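Each chain gets a letter, A, B, C and D, in the order it is written, and its residues are counted from 1.
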Amino acid sequence: MLIRSTFDIQFHLPNPAVMVALLRLHPSVLGRLRAEEELLIEHLGTSQFAGVDPIVPIPAIDYTDSFGNICSRFVAPAGHLRLSGTNVIEADGQPDTLYPDAQQAAIEDLPTEVLQFLLPSRYCEVDRFGGIANDLFAGIPSGWERATAIRDWVHEKVTFNYNAARPTKTAMDVFTERIGVCRDFQHLAIALTRCQNIPARYVTGYIGDIRRIPTGPGDFSAWYQVFLDGQWIDLDARHNYPRLGRILMATGRDAADVALTTSFGAAHLTYFFVDSYELDAEGNRVPQPGSGMAVAASTNPSELSLPTQTNASQASPTQTQAATT
Amino acid sequence: MLIRSTFDIQFHLPNPAVMVALLRLHPSVLGRLRAEEELLIEHLGTSQFAGVDPIVPIPAIDYTDSFGNICSRFVAPAGHLRLSGTNVIEADGQPDTLYPDAQQAAIEDLPTEVLQFLLPSRYCEVDRFGGIANDLFAGIPSGWERATAIRDWVHEKVTFNYNAARPTKTAMDVFTERIGVCRDFQHLAIALTRCQNIPARYVTGYIGDIRRIPTGPGDFSAWYQVFLDGQWIDLDARHNYPRLGRILMATGRDAADVALTTSFGAAHLTYFFVDSYELDAEGNRVPQPGSGMAVAASTNPSELSLPTQTNASQASPTQTQAATT
Amino acid sequence: MLIRSTFDIQFHLPNPAVMVALLRLHPSVLGRLRAEEELLIEHLGTSQFAGVDPIVPIPAIDYTDSFGNICSRFVAPAGHLRLSGTNVIEADGQPDTLYPDAQQAAIEDLPTEVLQFLLPSRYCEVDRFGGIANDLFAGIPSGWERATAIRDWVHEKVTFNYNAARPTKTAMDVFTERIGVCRDFQHLAIALTRCQNIPARYVTGYIGDIRRIPTGPGDFSAWYQVFLDGQWIDLDARHNYPRLGRILMATGRDAADVALTTSFGAAHLTYFFVDSYELDAEGNRVPQPGSGMAVAASTNPSELSLPTQTNASQASPTQTQAATT
Amino acid sequence: MLIRSTFDIQFHLPNPAVMVALLRLHPSVLGRLRAEEELLIEHLGTSQFAGVDPIVPIPAIDYTDSFGNICSRFVAPAGHLRLSGTNVIEADGQPDTLYPDAQQAAIEDLPTEVLQFLLPSRYCEVDRFGGIANDLFAGIPSGWERATAIRDWVHEKVTFNYNAARPTKTAMDVFTERIGVCRDFQHLAIALTRCQNIPARYVTGYIGDIRRIPTGPGDFSAWYQVFLDGQWIDLDARHNYPRLGRILMATGRDAADVALTTSFGAAHLTYFFVDSYELDAEGNRVPQPGSGMAVAASTNPSELSLPTQTNASQASPTQTQAATT
């Protein structure tokens, strides 16, 4: 099965700003790439009218961060910025694999590079959840059963709401407010999982409504991974059933490590489009069930008002920080 | 100038626990080592009377974490655990160097491995301090001047108090409560510094009262480093004057990354002794000014009641987490 | 000048719920009432089609709370609930009075019933703002000058955004996030003001766009009062210029005390309309400048998705609590 | 049974300060007073040597706050301040009454003055505990059974530790840190109780080790009351077994309302002594079991270092606020 993913994100920058984007595919999936991965970073000029100014490519430097993600750093001039890209990946067409017998390793047997995913991080306050996690989950058999009990609990207790996103929201906020976006579901699940000595890390990537009834405008997604049986296994406290077509972009301790874009200086989101869909043998889009037309809608930019939020379902894809001075 | 550092930390463990200790010297200082660095990890038995049971060495595995620190992982049996060590380092005998002309690099010119030290981390909520840092420091010339203005501000506003330590305390808590231990001073300074686009990282190490009037029982210390002029420069919001004899043990985003000990299972601190002092040519301790006797006092273990705190001045050297299950 | 105010708020209740509404005028303004104040509480039935079921009045008990506000308590059946009302008040037609010479009393001279408005309350963490308030305002002359400096600072630093409302948001959240609705502006100003020993209390009421260009759908509003020169003086950190036509409904320590509605059980907001406008001698609406048509728009209920938010500008008019059991 | 209670609290004030003390007995217990209640407020001078300066009474104004507590307001000169008092109360000698059949009223049947004790307050974030309280307690029969289940849960989960007190600590902090002083136990229990629609209020008073083995230096205590069967019933999440000799001083929403002393300006605690004990027919102290000598020890003032804490078991009896300006 082939999956084509594409995105177009635009910002208006009142001043030049340095940005770091994590919009490339993760190195671990590049072996399944079936068409060249493209990331375009372009300056659309300063006019408020589209098409007036010439489109000028912005050079970027790619580097690999300490988690193994490919990051792109560039200097964006004031005005309109577009980040767009596309890729085609071969997938096995199977929903997420279940590992009902997966065991969690004793701490002393964990690979040392995995230990960091047991520690507290910005949005996953492991140091505050110890008693809570024990109350809820200490009685459940360890390993897969406990890991999925945590995922299911979060899924059941937290209600999805796009309006409940904010960049500073932590796992503890989610635990008390019981409302959030996909970023928030995963942060709470990660914090609880780490408290039970199962390494857990945050993931960003594509996950389209493939072979499913479309659920709305496309978006990047966040899920998480737990380390059981010596491998990282995908779990998703937002969509807690086996999904098709997860395509990994980046992993980190939490959303602070893998923001889609981090801008040093103001960057106001003006347009946002993501789509990820199945291709048939001719390279055409496979229609989804219950969908007369197979065109994903773009999100209305007028609904996206916060400069620090590229992507409502992840809440802080843009970590806008102080202007470069 | 030669500096000898030594420590003896003891815990009582009700059950076996896995521990990770960051009690080794940092690789960057090993070139100045003048006697073999020793780290002993020993089981003292289970009797409540010292010396009854034989002392049994506990094997540990050393590894290097993603920040370049040397970590030791081991399984401690139930009962009494002792971590002790010693080392002798050659130091230049000079107080901290000042860099009044040091510049902060533009974000686009920073080494990529340094960028992570601009991001939010568990105890340094960069995402919540943006406006605050701008209000206080945006008007000060960038680089060294702004970095030290932040350090001085924290030093002036926060009052030291051993009783104000707690493992969950964040930079925002320090900003509002205005009281804390050395860990807390540095966390607040780091958060404010990152908000001004200066990379900042947390440091643990030795810093004895060398050539100074003794100030009390020895302890490990925390300070921080800012990245200016292409190098990491020591700053210390707790002791904001040039100090002699800093000896680096570990660096990380904040205290969550470099806890002296992280135990997976309960570990109750029962004894704590740290000393770092100058040696003369014969290898004898150089007396400190105003000190009739040159013997550092140990901290009374009865005053150290919290299982999660090895070291009151750093508040969470032991991140006691859930028991290994 | 006559001001007519009117509102219509509707909820859907999945189950019966007890509610407390603070939707009456404050006793202090009843002397200026020029038409009978009306508060209708009605059950609209359970059909999803308007007008199918008969409208049945719901009896309520009015009482005065410890702050002197008139509260209405009632039991609402499952189904559709409407709270509506109207009143006509005589106002002097003058904008908010300025008191540039107003002094703050010594604590020992304050009326004792005013002292509670110096203490911490749910959304105004006076105990966390002491150092911050001193840093910012201790150097400004006391009394009116300091009180208005606080108001102006909050107004300048915080950006209004309807999407930034949430029921749990405190003054500290506003201070760090720098974004909020009118409730949030006032909470931050109140916390800072109390820290400077000026009693401050939270106010809800009407404040229409009278003799001004309409700014959007009508709404209730929040402002605050400071106690200077022996009297409570209106200040408004959201609209920090003299406004016409404030009509007081309730005062308390903060929004927790004076939620427009508190429901014990789920209550989903389905319709929200508030209007407050000037009447001419014939009792007709005086057109606003720049407004061809003098009809206030209602807020589209589909945009109001959170069950706990009657009124986006105040964020938690409905404190939905646990179901009555 | 007669109980004599006495206290002596001393502060050093660097500057004059206004203070409000809630150190009188509650009006509801005055009918059981068997000797005149005495509250002495005295200036001990400015010398660091006791007895050098004459002792000068400081006049205070008593008033009743909105909760019905008797408060004393006074202006203390710079120097040494002593608050001391004594009273003798007749008690029935019975431990706390149990009410296993007590019912919680429907919200619509609660006296209106009780409704405020269902709302969020500074240290009891009812708005953040709704989901948590439902998870834990919604399945337990309402009324006494649920109220005591909450009390028992808090008692079991939270560990007492004098060092874990701090003035800003909220119920949510207690829930996550699982450690605290008596103030903290009650705050958590109150927040959870209100979430289950049972009115709950905070209480301060005396509770000596009467007819019990002494547990340490005397202290004031905090407990809480729930409103069941139309009356306020004492519960105590710290000592959750029936106690003798509770003597009520003040009630409020939480500790912010009933701090033993609130000082407007710095006030450093230098001495602290509280005792509450049974009298025999001759007016002599009845010895406690297991106590060779019946003299309560005073707390060593050198252990009480925080200016904002009069009383470690309540954490914020002194709400030191900004100096009067």
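Everything below uses one rule, namely that a residue touches a chain if its C-beta (ideal position, glycine included) is under 8 Å from a C-beta of that chain, and two chains touch if they have at least 3 such contacts.
Nothing here was measured: the structure is a model prediction, and the numbers come from that model.
Shared contact partners of subunit B and subunit C, listed by label: A, D.
The chain pair with the larger count of C-beta pairs in contact, out of B-D and A-D, is A-D.
Between the Cα centres of subunit A and subunit B there is a gap of 34 Å.
Chain centres here are Cα averages; for subunit B and subunit D they lie 39 Å apart. Averaging C-alpha coordinates per chain places the centre of subunit A 49 Å away from that of subunit D. Annotation for subunit D: residues touching 2 or more other chains are 125, 128, 130, 168, 176-177. Against subunit A, the residues of subunit C that register as touching in their complex are 161, 163-164, 166, 168, 176-177, 305-306.
Interface residues of subunit B, counted against subunit C in their complex, comprise 125, 128-132, 135, 157, 172, 175-178.
Of all residues in subunit B, those touching subunit A in their complex are 18, 20, 61, 63, 65-66, 71, 73-75, 106-108, 112-113, 115-116, 118-122, 125-128, 130, 133-134, 138, 142, 167-168, 195-197, 256-257, 262, 264, 316, 319, 321-325.
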